[in-house]
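Note that the chains take the letters A, B and C in the order they are written out, and that residue 1 is the start of every chain.
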Amino acid sequence: MAGYIVKRILWLIPITLMVIIFVYTILFFAPGDAARVALGNSASEEAIAEFNAKYGLDLGYFPRLFNYIKNLLHGDMGVSYYTHVSVSKQIADRLPYTILMALLATAFGLIVGLPMGILAATHQSTWIDSLAMAVTMFFSSMPSFWFALILVMIFSIHLKILPAVGYESWRNYIMPVIAIGLQLSAIVARQSRSSMLEVIRSDYVTTARAKGQKESKTITDHVLRNSMIPVVTITGTALAGLMGGALLIEQIFSIPGLGTYLFGGIASNDVPVVLGCVIVIAMFHGFLMLLVDLVYTVVDPRLKSSIIAARARKTNNRGVNA
Amino acid sequence: MTDHAFLEVKDLRVEYTSDKQIIHAVNGASFSLEKGETLGLVGETGAGKTTIAKSILRVLPDRAASIRSGKILYNGEDLLSASEERMRSIRGNEIAMIFQDPMTALNPTMTVGYQIFEAIMLHNTCEKAEGKARAEAMLEKVGIPAVRYHDYPHQFSGGMKQRVVIAMALACNPALLLSDEPTTALDVTIQAQVLDMMKDLKTEFQTSMIMITHDLGIVAEVCDKVAVCYAGEIVEYGTMEDIFDNPLHPYTVGLFHSLPDMSGKRNRLTPIKGMMPDPVSLPEGCFFAERCPYATEKCREIHPQLEKADGEHEVRCFGKENGKHG
Amino acid sequence: MKNEPSNKRRSQFSLVMRRLPKNKGAVVGLVIIAMLLVIVLFGDYLTPYDYYHQDYMNMFSFPSRAHPFGTDSFGRDIMSRIFYGARFSFWVSVGSVIISAILGGILGTVAGYYGGVADTIIMRFLDVYQSIPGLVLCLSFSAVFGPGTFTTMAALGITGIGSYARILRGSVLQAKGNDYVEAARAVKASDFHIIVRHIIPNAISPMIVSMTMGVGTDIISIATLGFVGMGIPSHLPEWGAMLSEGRSYMGIYPHLVLIPGIFIMITVLSFNLFGDGLRDAMDPRLKD
């Protein structure tokens, strides 16, 4: 098991490397002269040449890429073309806000979505089910940034009970977390409903009832665990999918996380900022998928033994070869 | 000794609703069972056998199925009007069920030991350690080493899984065991082993049993009484000897004719022509009339009742009035 | 024997046609999509104003008879702008989904059919590709391609290839195991023939469902691009861009934010409802 985890973590290295090359290449070919934008149109030719030399922009595709990766290995992601502040430091300062939001939104998504899905499944074809499905359909069709604006309109402008921008108080996080989390909860509710319905129909649930198990215990002990397996994946992938929108939500509420930084970077063609943010996001995504797989093996004993069996096969083969 | 039977099913009717169609799965099935006996419930797929068994335990899917009428008297107590709480204390404890497909009857994310343990703890107030010890003993009893308590279902073969299912069903020493084609999903060689084991355990635990099967060979081997099921009703009922030596209903006769005869007197199998009537729209007269070589005008118009032939032998056919068939 | 796949397809089609009208959600979705299509095709004739006509006497007017959705900060009729924007959202999202499906479909088919090294390379590429959030990827492409209708379509289309590639790869792997594909191989049918005649027809239902839902997702993406000021040329009315413009005034004139948002939501909802209904109608496991 430990070997499997180490292998999966090591696998993140080539993935990250490829993400770097990929995004670097896209940005390399993006139009726009960084020096011009940074220094303004009135800047002299000398100033621009100096700027380009300072940031290594006068070099070609490969030397720049090589330099970037070399520096990255030392934890250095370069400096922003505009603010001249270290990107690594900025990201380190901002990442906690983004992670906090992601965690809170996931918690919200699960706390709201799971009970809704379970209730809908256990009350299939009743008004509860129809209502839950209508509400979730509604929320998953809504752009999260628009929903965020509506929240601001209601709670900040009209009711004046929540701050529209800022990051100091916990009250600043209520609206952003709801804006992201509600969509997640819609996805979680739909997935958990459909996988529960599948499990409820299965023979082993009838077996549990035939044993004399209580209906509520049958649901918690036999149905939930088995139907949570696909929910784990969908929560992981849904969260990864909502990352983009979540970053935008940060910007709307002026929370100084990765999103605000990234969108600023994209708007001003600030290559080191964009690259740094995308690398961190891709690694975050990789860890998320790893986490999903690990939770999977905990929930589903069939997987754990298949991993162990696969390793046993491999060792055996090696034995034969040696 | 009381005057009522150990188990008596009276005029049981069960319907399934699917897409606004009503499927008449069980249409007035009646039979009874004495303590210690084994009743074979015989019939082809879709005859309503499994539905009858699930009705006794009341574990039919709530939404789709509904028990329209009838009585299921267990020691004189009507299970269909018993409280859910009472049913829970009966399920797995006094009446247990073995399901057809061992591949799907076990929870894939629970150890087999725990699944047996769960059944024991539900109906006994004992320490966890004792429950576990009893679960291990049950595993040993069905021929599985107790060390495999912590293994998961996917680590077992089909036959082994069915042994686990049997261990689970017998864990609380039930008075009545409902076995729904317990060997159909297994390899032929494993079938015999599992069946032998069931016979031994039944004797040891003195369990009464309803054996649902379409295999007359199994009936011959384990059953005392036989109820032949067709289109959701019992068409013939009697002792094993009655049914095997003196089948009265043309359908029962047909079942025997579609079996290979080992004595070699017959060299052709004669399958029953046609198909069971559509359970959505059942015919007015005898359900078997369409396929029956002796059907008369009366058979097509009036639905026959289950009537006494001789002794305990009962048959649902007008033919016996007209003299014995083929 | 030769007609089998097409018969199967026809019966699948008739099955869907029989089931779909029974699904309330799908019918509602389809009706809204039809109404949207009317707006997309005939929007110009439905309102008396041009989307760019500025009326400084009537700035920020609330919904009224003359302006059912009110006017914006330049006194432009919001209904005309919404209708014009519908055109952009609709064609760009449909176009981008088709681009995604074709490119992703080719990748997935190649990966699944040829397997081996091709499969490994393509799947690893997708691992990398999909570990970058779609919005970020799309913004980057958008930055490279510059603003415009076709560039936005291309940026969105390239961003979305991942899921289609995975669907087709899965279908191909499944179909490859089927006897009729083995049979076709045995008689030395060309790869192209096998893929077109035997494999693609089997992958079509999940693709159609995915594409329907994909239109909804892309409409949100377009609005998001417009909201952050990328994608479309800034003078054109786009729903997301309208939201972003109205945001500054939403405290006093909430209709500037509400109306474009409601249109985005209803459009996306209709595609989701229809896609959901299609999936149920195409599910062979469900009996009717």
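Here, a residue touches a chain if its C-beta (ideal position, glycine included) is under 8 Å from a C-beta of that chain, and two chains touch if they have at least 3 such contacts.
Model, not experiment: these values are computed from the prediction.
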| item | value |
| --- | --- |
| Of all other chains, the one whose Cα centre sits farthest from chain C | B |
| Pair of chains whose C-beta contact count is the highest in the structure | A-C |
| Approximate Å spacing (C-alpha centroids) for the pair chain A, chain B | 53 |
| Interchain centroid distance [CA atoms averaged], chain A/chain C, Å | 22 |
| Sites on chain A at which at least two other chains make contact | none |
| Touching residues (chain side chain C, partner chain A) in the complex | 25, 124-125, 127-129, 131-136, 139-141, 143-144, 146, 216, 220, 223-224, 227-230, 240, 243, 247, 250-251, 254, 257-258, 261, 264-266, 268-269, 272-273, 276 |
| In the complex with chain A, residue positions of chain B that touch it | 54, 57, 59, 61, 63, 88-93, 96-97, 99, 101, 104-110, 115, 118-119, 122-123, 152, 154-155, 165, 168 |
| Touching residues on chain A, where the partner in the complex is chain C | 15, 18-19, 22-23, 26-27, 29-32, 137-138, 140-143, 145-146, 149-150, 152-153, 157, 240-241, 243-245, 247-248, 262-263, 266-267, 269, 274, 277-278, 281-282, 285-286, 289 |
| Chain B-touching residues of chain A, taken from the complex the two chains share | 124-125, 201-204, 206-214, 221-222, 225-226, 299-302, 305 |
